[in-house]
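Each of the next two complexes has chain A plus one other chain: chain B in the first, chain C in the second.
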Partner chain A sequence: MEDSPQEPSTAAVDPTIDLSEQLNIETRNKYVKGKEIGSGTYAFVYKGHLRDEPNTLVAIKKMKVMENYKDGLTMDAVRETKYLQELSHPNIIKLYDVFTSKDTNMNLVLEFLPRGDLEQLIHDTGNVRYNSADTKAWMGMVARGIWFCHENFVLHRDLKPNNLLIAADGEVKLADFGLARSFSEPHLAMSTEVITRWYRPPELFYRARQYSGAVDIWSVGCIFAELILRNAFLPGQTDIDQVEVICQRIGTPTEENWPGVSKLASYVPVAKDKVRPVQPKSYYMQLFGTVGPFGVDLLMSMFTLDPRKRVTAKGILDHEYWAKDPRPTDKENLPKKGGGEKKMGEDLKRKGGVLEEGKADKVARKIDFGAMKK
Partner chain B sequence: MSKQAQNNSASARRPPEEDEICRVCKSSRYLNPNMKFLVNPECYHEMCESCADRIFASGPAPCPYAGCTKTLRRNKFRKQTFADLKVEREVDIRKRVNAIFNKREDEFNSLRDYNNYLNEVEDLTFNLINKVDIEKTERKLLSYAEANRRAISQNDVRASKESQRLAAEERLKKEQAIQRREAAQRELDEERRVRAEGKADVIHKLASGESATKVAKEAKKTVLKRTLFKQQAEVDKQARLEAAAAASEATLNGDGDDLVFAGLKQHVEAAPLRPYDAYGGLAFERKMSNLQNSYDDGALPRHENLYYLKQDPRAMAGGYNIKEVYSQVLCEAFAGLGVFLSDELGEKAGAATRGTGTAGAAVAAATGSGDVQMMDAF
Partner chain C sequence: MNEDDIYRASTQYRLWSFTPEKLAALRSSTNALATERVKAAKKRVRLARAQQLSSEKSAPSGDVDANTPKNGGGTAEDGNEVIDCLTVEEELKIIAYYCQQCLSIGPAEPHPMPSSVVGSAIQFIKRFYLSNSPMTYHPKDVMIAALFLVTKTDNFYIGLDKYVDKINTITGNKKMTREKVLAPEFLLTQALRFTFDVKHPFKGIRGAYYEMLAMIRGKYALLPFDERTPDQVAEQFIDLSDAKSKAATEARLSKAYNTAQETLNFSALLTDAYLLYTPPQIYLAALLLADEPLTLLFLDAKIPSSAPLKPKLLATLRACANVLTSINAHDVDRADLVRIDKKLHLCRNPEKKNLVNLNKAQKRDELVEGKLDDNVAKKRRMEREKNEREGDALFGGALPAATKTK
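== the complex of A and B ==
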């Protein structure tokens, strides 16, 4: 640690400072900050360990002080801290502690997840091979994680393969709660500028200000499809293009398949002859047949256009797919790839809701916080 | 070094001339150059081989040393390995203890557990060596050996198989090294021979009156041919070596009846495969509230009234779920009611303060059967 590295915790505490400060110093001294494993515009990530037990590794994410947030912490940091400390589940990254250093920097002590992320595994087609049992195991872990979030009234709002980190034992964990929020208070409009484009559901493109956990389920569907295809299923170039891609691959939203959709703020009516029907099961079987008919059923229910009819997280876990053959691979036997600590550093330093490709994507997405205040 | 220690080491190492005299029959190496000294691990008193034969030929007999009351048997006599009999004795004890406590690190859940085990074993060993609490320690040792007989013999078998395999590997490596060396030597000889032949050929040709340039050209050509041939031979040799290695690997693995598979977790019986639990063993239940299908909130002002939100197609089309709102509100309002702080504190305090914790829980159970105990958390 940069300040007071070797002082024992109790001796360093000055009795004149107040209790919260004392607690902070104590927490800070509990950990030893090691080398930097990633840094971005948003945060630095360090490898660290417990001072008393050097074998217990942690990742320490130090939030940068943002220029335009001089008076306080960034929204992302607040959200991440707020929701992670509430959620304790094997498929959600664990937040051990929070402390400040140099008065202004906030440090999150997170679980150390050294095996990279799901995106690496999906896209390393040359070296990594996996089968439908592996896919099922990963999807099970993702579904459990998001189910737990929703059951505790938390929307993740940035699910994508590179936010799914892999622990040393093979367990997949949801990470990056920088865009998470609690289920909305009624009448309070939520931002629609959330979730990375390829994984964003149609209702957000139509700017529905009231939405539910169904937005995360769409992302889970995209992840499922990507796991099978080993390529993004709905890769739109722009927001407009993304809607077009959804219309093509899933079907055009209309009043018939989604009652009330035309009332949404940014809905653009489609001419009758341009409407594409919702794709039948045979189309999905062709693309995703490797997971079997039950897997395809589940995938289709995640890609339901009407968010009210879309399967819920609990519905996913109750699906027949899990009971059918093949049995999901045990987590110890899942394919691994040594992305290592560097990849974890990269994953954690990222800003939420942004794709990594392309020059323009370096520009952080503008989140419309003003709208939330009404 | 303390005086005590000096005395000890002095008594342990006898002067060399005494080393040559049997203290039982007083015969010396001068008279009997083939004399061998033996000890018995019962009392570690040494005597010459002929004494041991003579005294114990007709069955067990007391040790001939004055003051030693141990009964010895001929078959337990052996040559000592270490000059210092103390060391000899300690090594024997360690051998015996280790044969009983032969657990391995991989049988323990954590390194800490393993270290604790080793510590315990070392305590026992120390007691035996230094004759502290001998009876009690001995009893402990025997009861442990009795209780864990199966595990001990299993580990024993495992260890001996491992050492056999290691020895086999060692042997194989040595053989391969010899083969490689021989092959290299053969090759070198061959090359030398060919070169000599070539030279003789050139001289012969020159002697028989052929033109020098032509001979030189031909010689070059043969050299070229030879290098090509050598390269091919190199490739062949590599393939041959690999095949041999594979074959020897096969013999190593498939050695008749004592088949050993590396990487097998032994004597861990596979648990029967449970059906996959999609929930991962977790379940939520709402004990404290019961979710209704709809609630009458007609008296609330419009901006808080869910009735109006329900009528708003824009909100509904976005997938907003009124029932979830009710669920969340009810959960947040009542979930705390099922939590008894005294119980949780009791659990947290753990074994050390279990008394107070359970007392608190008992109070909670007695008074809080129907209504809720309010405790100030802060």
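== the complex of A and C ==
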């Protein structure tokens, strides 16, 4: 805790300190930095609390100075700060304050989310049981969060279960805005090197330089599917393999189902006999039938290959699925899992857009489709 | 939740929007504080120098007057330098000059930056100088840092090396360095209160253009209050042109749109428009200036004439239009700028002048090694000492009272 300020605000007397520096010191002094709950190549994460209200907990994410990055503030720090400063919504992690410590590192004071993330719940099949009402509740919160981002013209670009953190009251919050950006001016190109592979939509593999909120919606679809299967639905081993997995499980993108796709920079034409048709509803019903036919309709609309026809965040919220039985579980009654504090530290320290080390190898390459049939 | 709610939640509204009175008061208190500090800092430096000289000469009492700088703007009876500081107006003029420099540097080759990106840099500079004075931090340094910071905040990342190359290519010399660009970055982000979002009127005006085009073509879906038919609306628009034709009206719209865009790319960025008005108010005011009858017809389809809000809106738009016309691309008084620049040279805060070294000092890991000439060594020592003073204040260290602040 080398830069946990132990002194209350006594700096007011120094006549050489700028107003903004003064404000920074006051902000820093509002918080007490506690124990480290996570540390990675990208950031340290500490548990902390308000100096005046020790019961108000916060997470303090301290950006590391990168060894190989010499261009000042890092893009991740800038992006995350920029967007979280603007977005205030129950389903988006709250940024309370930003301050710098004496070595000029940025510290983000974030909402403390002690109950881990959705990934933990999904994959702890031994201890955590949940039903389709729980899935509906979680998906509702994710959908409201991403709707709010898009309504504010912000693309998240790294949605995945371990970026969906859970608050003490069960509310799910979108976190890690290190890859976020605002919707582009129509003529400017955007990077396609975004979104963690398993959650990345086909248009990014084909290097579409202009894209929309539809990229996040594909990720939401992957999360929905993963919640139901309790396993990643599209786990490609490499980028090339990922496209193959998408063709297999969703369908091969063609000019018929996606007009214009063949003009995208990295589109590789597929021989007619190799084209896999877009999977019919019966296929989805078999795999995802537990959420009911309306849930399946919604899921299919998120996996629409043509991004222009893919459902929008608003479209998700307006979907019939929410009005049908079962009612989503109240957030207080959602299944929980302990030991999330450490997990929050782990989640916040990561660099965006990458799978956790070794994970691609560990997770079963193929889903056991047979076992899922009811 | 509507668009207004979203805007009110933005940092641009919460932190960077003011009434004209509030804005003026803020600038005047920033100027007053900076003036006070320049005087205090100059005094500290002078005393330190005098003390050093007297101890070097081992003279019992230093002749302070003899050591005051000869070109320092005169010396008063009591040995205090008379420092002629910048007024708020002079500060604004010199800041405006460097904001305008952004408009020539940003879009120039190599790596030309889009106008909204350059526009954000200008707003960063304007926001920075609400709590800082050019006497403390020179606008040239801040401009260079702001233009680089926006490459990171506004999705135009080119990397520092390319950026340094851009600046050096444009200025035609090799004076810019990586260190100089980065030195003020933290000061800048701190003064921006770590908010990097700038909402521009550029997208909005494009929307208005397409809506008006639809109105002229009789294809606009009218709002529920409007009792006219789309064709009637089209007719009213067409009546505006002398030729009374659709084509002529569309040409008139294009002309108005282009003129308004010029306003947005220049006056809106350089005046206080962003600090006083919302993006839609700014583009509507720009359209009003470009073609009033056209813009009024457009507004008729947006708000009923009977609405109490209408006169209020028009008054706001006219006030904003006044702000937009308060600057002219051609009325730069170079002689006056040269005068202010000279004046600034004499009243800069000596403790904040060398940002590169200040930045290094702040990182605390600098090892001063090798031979340094006396001047550099002296400068370094002063920064270190200043640093220690700050360190004391910040972290309550137990260092002995520094000698130079006697």
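What we mean here is this: the second predicted complex is superposed on the first by the 345 of 374 C-alpha atoms of A that agree within 3 Å, B and C clash if a C-alpha of one lies under 4 Å from a C-alpha of the other, contacts with A are read in each partner's own complex, and residues count from 1 in each chain.
The definition used in the following text is that contacts are C-beta pairs under 8 Å (C-beta built on N, C-alpha and C of every residue); 3 or more make two chains touch, one makes a residue touch a chain.
What you see is a predicted model, and the numbers here were worked out from it, not measured in a lab.
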| item | value |
| --- | --- |
| Combined model on chain A where chain B meets chain C, clash or fit | clash |
| Partner chain(s) touched by A:E151 [first = chain B, second = chain C, both, neither] | both |
| Touched partner set for A:D273, first chain B, second chain C, both or neither | neither |
| Chain B versus chain C as contact partner of A:D52, first or second or both or neither | neither |
| Partner chain(s) touched by A:P307 [first = chain B, second = chain C, both, neither] | first |
| Which of chain B and chain C A:S212 touches, first, second, both or neither | first |
| Touching partner for A:E21 - first (chain B), second (chain C), both, neither | second |
| Partner chain(s) touched by A:D325 [first = chain B, second = chain C, both, neither] | neither |
| Stretch of chain B, among 23-31, 329-337 or 347-355, that runs into chain C once the two complexes are superposed | 329-337 |
| Chain B and chain C footprints on chain A, overlapping residues | 151, 184 |
| Residues of chain B that touch chain A when the two form their complex | 273, 275-276, 278-280, 282, 284, 303-304, 306, 309, 313-322, 324-325, 328, 331 |
| Complex contacts: residues of chain C adjacent to chain A | 1, 6, 9-11, 30, 33, 37, 40-41, 114, 116, 131-132, 136, 148-149, 152-153, 155, 157, 159-160, 178, 181-182, 185-187, 189-191, 193-197, 202-203, 351, 362-364, 386, 389-391, 393-396 |
| Residue ranges of chain A touching chain B (in the complex, touch as defined) | 89-91, 140, 143-144, 147-148, 151, 153, 183-184, 186-187, 203, 206, 208-215, 258-261, 263-265, 306-308, 310, 316-319, 322-323, 327-328 |
| For the chain A and chain C complex, residues of the former touching the latter | 5-7, 10-11, 13-21, 23-25, 70-73, 75, 78, 81-83, 85-86, 88, 98, 100, 102-104, 106, 151-152, 181-182, 184-185, 188, 190 |
